[in-house]
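Heads up, the next two complexes both have chain A, just with different partners, chain B and then chain C.
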Partner chain A sequence: MAQLPPQTIQRDPQLFYWILFPITVVMILTGILRHYATVLMASPPKKVEQPALKEQRSLMHGVAVRSNFHVLTAPSFKARREFLTTAFESGAYLKDPERRGQPPANPMTDPGAMDGMMGMMKNNMAMMVPNTLIMSWINTFFSGFVILKLPFPITIKFKSMLQAGVATKEMDPRWMSSISWYFLCYFGLQFVFNFLLGSDNDGAADAGNGPQAPNMFGPGVDADKQFQAEAENLAVIKHYSVLDDVEQRLLEGIKTR
Partner chain B sequence: MTSSLLRPPGHLSPATALQLSQQAPIIIKNSPGAVTASALSSLFSAPETPELWTIYENLLLSCLRTGDEESAHLCLGRLVNRFGDDNERVMALIGLMKEADATDDATLEVVLKEYEALLQENPTNIPIVKRRVALLRSIGRISDAVTALIGLLDFSPTDSEAWSELSDIYFSQGLYSQAIFALEEVLVLQPNAWNIYARIGELLLMSVKSGSGDQNDSAKQLGEALKRFCRSIELCDDYLRGYYGLKLTTTQLLNDPPKPSKQAESDGLAPPNLSTLQKLDGLATEKLGEITRRFTAGEKGWQGFDEAEIAAAKELLEKSSSTTVR
Partner chain C sequence: MPTEREFQVAPIVPESVMHNTKALSNLQSLTASIFGVAAGILGLESYSGFLFYFIFTILTTILFYTFRVAPTSLKSGLGAFDTSRYFRTQYEFWAGGVFGGLAGYILTWTLFYGLVRA
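Showing the complex of A and B:
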């Protein structure tokens, strides 16, 4: 089969200086701007009130006792178990004991939860507004320009990705349009930002900044239920101690060495 | 050298602390005074690292310890510049500085009042709560310190530092069982802390020796002490205090065996039989001998033990060998 002659398109070399370069620079500068805007807009972590702190930490303490019970001797574990299960079941550590048994409050009305949502909203806005602006800027001025030829062959599937905005059916997918260059920058500048701003920056568009840390005590979780479950967990533990037969283990360990 | 600046300076020997604080002026001069917030210069200057601020904090503590107040003030000034004086940790450091600058009890009382005012505003300011406890303890109001500490542990029972401080206060008052309880809480939070295991063993041993518990209990307490020391050694092969305690406990159990008690049996804390005891005694003696010998010979990899602990171990070995000869 005869080799198809390679497509050649006569491009103005000025395209590089007037389209490729400006788009890249604008993308980088917006990323930096966005990073600092996010830093400025970040609200400081909210103060936790004492009862709420007590509720969280008591539960954590219960979990610690449950998972590290083996460091205790049998009598001291028994004493702790009795104390903690009684306290957990009676709701002694709850933030507001009189609201026991009621369904959790609507997260929309909880000011604490609203704060978190506001933060998320601010982040999203910081992402969306500049992107919309740049997109429309590129679409207005540079739509339809073919600005780049990739130095390696790629399959036809990439056509829609690389030649967005250029509706030419027969063109080799190696040719790249300005709007595609924009998308490439949008997703590919993470490493540039890592280099410029340090590794935990907010510059890049990468939406998957990792899932939010699962909030154990977030809105909608009934603390009383957690305490009841923890009390049950404590009650069913079959106690053994790491101190049982430790002398034998020690002597054998020394001998085998 | 910088590595020892990155760790909390509490464990440093006086000599090392002095050495560090003598280098303080140089370190302060070489480190950047303030990290600029401007975007342009931060693009070109070296990035700010968390270590820098840890170094300042530890340097501050070392300087206060050795009386170099001038450098301490410089360190504090930089921390305040960076984090502002409403940061909880910086607030505690400022308080510490005021305590160090105080010359008489009246000034300390003023500092105490300030702490209380701060806590009125924000009762969950844990660094300040801890400073207040330390200050109360140092001016001799022990029971107030205990009350404050228990208040802290009530809303934050996962604070192992506070539990161990509570244990130490109880121990200083001779309340062994309370001290042991507090240390058990530390273990629940830090299940592999071998020094805490050994410390519980020491407290149990001391409570037997002081005769505070009833006599029937001593079998159980000695049995538990023995097990605690064994666990400590199991976790850390060369833990001198663990071997030392083990040796003391086995000697006690061999020379003066306590009456076997039903309760110790049922709790699984009865001391082991004679041959095991002798084996453990032999093991402890051998290891203590090895550690002291190699430390004194200056062998590589056997340094870093505390001089005083080595001396005590030597003394113990000499005493025990003289009794066996007799």
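Showing the complex of A and C:
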């Protein structure tokens, strides 16, 4: 097979100042804007009514006792277990004790549920709106320019994606148009935001939505059932302490030194 | 493999492990972009460029190990190249950064290759 000579294209150096540079700067600034928009739009934690808060906290108390039983002495763990199990089973901590056993309310009608959805909507909007705007901006002003050459060969299938707006049949798919530079920036600018904004930023578009709060107390979850399950979990724990045999471990540690 | 009991006797603090992992991934993503600049200026193409990236990323990880992990971890009785004192899994330490920094590497590689060579 004959080796084809590499294609060379004479490009205007001004392309750098008028296309490459503006797109990169706009991408970086948009990332910074998105980060600060997310910070500013983050709604403060909503005030929870006292009974609801009591319900949540007592359930967390149960979970904490269950997962840290090994630091308690046997009598004190037994006392805690006794107390929590009776309270959980009798429903003493429930938000509205008279609604026990009824099916949970429809989450769509609960006003508390709407807040969570609004937060998610806001996050998605902060991602969607700038991306759509920049895409259409690039398509309007910069379509049809060949600005860079990729340093590695790719298959012909990428041609329609990388050279959108450049209708030249014979051109090597390594040449990329402005829209593909946009995509490279979209995926690769994470390190710039690490520099500028610290490591846990919202600048990059594909960074996900960050850690989601555990939806333990979300709407539509039957608190009574959770309490019953937690009481059962507490009841089946076989207690031991981390201080069992501690003197032997200490002596072994001393011996090996 | 330590049992649940041993974890309770000597607990692992998730915040500290998170901090270690984050420090490593920050270093990886920043160095990856700098390697991209270097590869672009050198004019590396296709395989040699990716090879450059992998070699230098692994070199960075090894340097990170020798200067930041090894002094205390060897002293505490762990074997050489054992990172379990500071990181959750070996895989996370040795291979996690290779894929985390690749996007940044390709970006700067393309940019500087395009500016300098093509």
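Please note the rule applied: the second predicted complex is superposed on the first by the 190 of 257 C-alpha atoms of A that agree within 3 Å, B and C clash if a C-alpha of one lies under 4 Å from a C-alpha of the other, contacts with A are read in each partner's own complex, and residues count from 1 in each chain.
Convention: a residue touches a chain if its C-beta (ideal position, glycine included) is under 8 Å from a C-beta of that chain, and two chains touch if they have at least 3 such contacts.
All of these numbers come straight from a predicted model, not from anything done at the bench.
Trainee: After superposition on the shared chain, which partner residues are touched by A:C185: those of chain B (first), chain C (second), both, or neither?
Mentor: second
Trainee: Would you mind checking which one, chain B or chain C, touches more residues on chain A?
Mentor: Result: the larger residue contact count on chain A belongs to B.
Trainee: For A:I147, decide between first (touching chain B), second (touching chain C), both and neither.
Mentor: A:I147 sits against chain C, while chain B stays out of touch.
Trainee: Thinking of the overlay built on chain A, is A:F195 touched by chain B (first), by chain C (second), by both, or by neither?
Mentor: The second partner, chain C, only.
Trainee: After lining up the shared chain so the two structures overlap, which partner does A:A64 touch, if you call chain B first and chain C second: first, second, both or neither?
Mentor: Once the two structures are laid over each other on A, A:A64 reaches chain B alone.
Trainee: Scan A:L133 for contacts with chain B and chain C and give back first, second, both or neither.
Mentor: neither
Trainee: Going by the contact rule set out at the top, does A:A42 touch chain B (first), chain C (second), both, or neither?
Mentor: neither
Trainee: Mind working out whether A:L251 is in touch with chain B, chain C, both or neither, as first, second, both or neither?
Mentor: The first partner, chain B, only.
Trainee: Would you check which partner chain A:V242 touches, where first means chain B only, second means chain C only, and both and neither mean what they say?
Mentor: In the superposition, A:V242 contacts both chain B and chain C.
Trainee: By the touch definition above, which chain A residues appear in both interfaces, chain B in one complex and chain C in the other?
Mentor: 70, 242, 249
Trainee: What part of chain A is in contact with chain C in the complex they form?
Mentor: Touch residues, chain A against chain C: 16, 20, 70, 147-153, 176, 184-185, 187-192, 194-195, 199-200, 240, 242, 249.
Trainee: For chain C, which residues are in contact with chain A within the complex?
Mentor: 5, 8-9, 22, 25-26, 29-30, 32-33, 39-40, 44-47, 49-50, 101, 103-111, 113-115, 117-118
Trainee: For chain B, which residues are in contact with chain A within the complex?
Mentor: 39, 43, 47, 122-124, 154-159, 181, 184, 187-189, 191, 224, 226-228, 230-231, 233-234, 267-269, 272, 276, 279-280, 283
Trainee: Quick check: in the complex, which residue numbers of chain A touch chain B?
Mentor: 32, 36, 47-51, 53-54, 57-58, 60-61, 64-65, 68-76, 196, 198, 241-244, 246-251, 253-254
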